[in-house]
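Here come two complexes built around chain A, the first alongside chain B, the second alongside chain C.
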Partner chain A sequence: MAAPEPQPEGSRSLSALLSGIAQAAFHGNADITEELLRDQLYPEAPPEEFRALRAKMGGLLQSIASADMDLNQLEAFLTAQTKKQGGITPDQAAVIAKFWKNHRTQIHESLVSQSRWDHGLKNMSWRVDLKSQLRHIDQINTPVAIVEMELGKNGQESEFLCLEFDEAKVSQMLKKLSEIEESMTLLTQAT
Partner chain B sequence: AADKIRLIPQDFLAELCEQIMQHLNHKIPGINTAELCQRIQTSGVDINIGDLAKIANTLSFLFSTAARNNLSTEELVTTLGSGVSTLPKHAVQVIRHVWNEQGKAIAVSEDAGNMATVGQFVDMKWKLGVAMSSDTCRSLKYPYVTVTLKVADPSGQITDKSFEMTIPQFKNFFRQFKEMASVLETV
Partner chain C sequence: LFLLFTVTVNALEGKDCRESVRLIAESANLSEEQLAFLISGMYTLLREALRLPLSTFKQEVSSGSTWNPDKVKAAIPEDFIVDFSSVVFGNRRPTSEGTALIQRSRLPSIQDLKWRVDVAISTSSLARALQPSILMMMKLSDGTAHRFEVPVAKFQELRYNVALILKEMNDLEKRSILKIQD
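The block that comes next holds the complex of A and B.
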């Protein structure tokens, strides 16, 4: 299959093509169609040729993103691709490498959010009130924190949870949160 | 729900009323409907948690109204008799007994209005996980925290609310609570 010309212009087009593919594949942008990409970036290319190019680049990007390749893995992978029959040119490899370096975090985050389907914490706000009602003798003038949490799933309406915490409850919460933080530190040390 | 109350064995009903009274007296944050329901079901009674919750709500309302109006035991029993005629005898007995023992001690809360939407934090469970792989990404390696809050809603029912946080979200969550603690200290 004929590879696009390895000139600066070709690099720019290829880079833009990778952006378009990423937008459609990872960020859910349905407006980026094959026709749009071809018209914008490779207007002179015959449709089948462009289709093949898009498919090849898409496949490579998919492999790279799925494995969340680091620089070493990426280099090994791309080098292997340049040596393959019907693979990519060294210039194309360079463009892909540069693209991945710049977009890896963004694309990975997008893939992560696609796999989060339980309730997430969307937002949280709080204030401190002074309870002055004579509800129970030992509750005169006790400060309480009122916390509002917005819980929701992707694309669904949020649920608002409004909770009251006195000083003791906040301490209780802080103790648990410290435990979590400790576990997290151990986790990051281990991996 | 009035019919279902006749299904509840007397000692379980007494326990429910006890919890309700303790909740109204701010001794406990909430009524453990789920746990009680499970035990009632184990004893062979066919009642679901929705019905039990309704009964708990009704009794809670009954007791708090009685407290607000300073009803004596006789007055309460009379009210019961005139209102819900289908209330079984053993239920009336339990309610009468519980009110007789503890009715006077309930302090009436005046802020019932604006407390309507705020729940009480009871406890928190957590787990830390790492999502390794998914159908869209083989190498996900995404650490997250799952938190389950035990919450007593304004009517006293205890429920669980679960949600997930990313590490940055968790750090922010932690930070907010630390700020809350320092504000509470200085107020």
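The block that comes next holds the complex of A and C.
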């Protein structure tokens, strides 16, 4: 920021406002209402003025998040906004830029997960056992892998799958995963 | 008697013997109780024999066999011993052993794994998503099917872990510290 901040308080409030908006819009936090934000951050502002500010900031954040803007795009976008009639001030642009730099990954992740409706693989743990004795056969010495996979959806209880693999199956699995990896590499090269 | 024996061996090999047993019951002059007694006796005898590793056996098995003192009571005819021995020591043993291996207590394993790589171009929350994601459909040996999504980061973790498991299994076989020798 080239110019000295005329209102350090304003920047802090704006930053907090952006956080609040992000929480409500992207992370699904229903407790953060307009009322709450106004009371906490801009208590002296008249309601309509605050509403307008919130709407403007919300709209900007929405555009930025939806397009998942990188820094170049962001700079261009914000500069354009400062030049508009009824747009934002350079200081406000600076605050927004700083906010997006810090929260981009988090917000993006949140938005991506909003389009995931199937069970997802959350975690896996495993161990390798050596089977030495069984009821029917007295002596075998084969390694066997026990794998536990956690499958779950957002906000729901996970399902735990317990599976057994012998060496051949592990090998098969690895081969399949390699095929997937190859397929993905081709994809990312093409885009 | 020989028929019963055949049926028992078949049962140990995992084949369905209900039909054969029914036929025997009809043709022989045995009561149901006697039949059940005979079959279960033979089954247990053979199963115990197959249970112990081949190396512990001596080829000579007599009616008062040392490896099954309880069965001394059951008078096993001499010619029968030959048949018994052939199953325990002979060519058919691997089949019975194979079945025992399959039927043991175990967790479900993956029977089939199908996958698909999807790329979300646009969503209701993101105008430009371009996010690849892997969809997996796993069919397990217990008949259940599971469909789930694997994000790219988790996929790499999965692949790394599976490779590590294979390495561990190989190492374990090479080391064989716990090789229990007779």
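A few remarks follow.
The definition used in the following text is that the second predicted complex is superposed on the first by the 178 of 191 C-alpha atoms of A that agree within 3 Å, B and C clash if a C-alpha of one lies under 4 Å from a C-alpha of the other, contacts with A are read in each partner's own complex, and residues count from 1 in each chain.
By our rule, a contact is a pair of C-beta atoms (placed from the backbone, for glycine too) under 8 Å apart; a residue touches a chain by one contact, two chains touch by 3 or more.
Bear in mind that the values here come from a model prediction, so they are computed numbers and not experimental data.
Steric overlap between chain B and chain C is present once the structures are superposed on chain A. Once the two complexes are overlaid on the shared chain, A:Asp39 sits clear of chain B and of chain C alike. When the two complexes are overlaid on their common chain A, residue A:Glu75 makes contact with neither chain B nor chain C.
Contacts of chain A with chain B, set against its contacts with chain C after fitting on chain A, overlap at residues 65-68, 108, 111-112, 114-116, 118-121, 124, 126, 128, 130, 135-136, 139, 143, 145-147, 151, 161-167, 169-171, 173-174, 176-177, 180-181, 183-184, 187-188, 191.
On the side of chain A, the complex with chain C involves touching residues 26, 65-68, 108, 111-112, 114-116, 118-122, 124, 126, 128, 130, 132, 134-141, 143, 145-147, 151, 161-167, 169-171, 173-174, 176-178, 180-181, 183-184, 187-188, 191.
Every residue of chain A that touches chain B in the complex is listed here, in rising order: 65-68, 108, 111-112, 114-116, 118-121, 124, 126, 128, 130, 133, 135-136, 139, 143-147, 149, 151, 161-167, 169-174, 176-177, 179-181, 183-184, 187-188, 191.
Touching chain A in their complex are the following residues of chain B: 26, 107, 109-111, 117-121, 123-124, 126, 128, 130-131, 134-146, 149, 151, 161-165, 167, 169-170, 172-174, 176-178, 180-181, 183-185, 187.
Of all residues in chain C, those touching chain A in their complex are 47, 50-53, 97, 100-101, 103-110, 113, 115, 117, 119-120, 123-136, 140, 146-152, 154-155, 157-159, 161-163, 165-166, 168-170, 172-173, 176, 178-180, 182.
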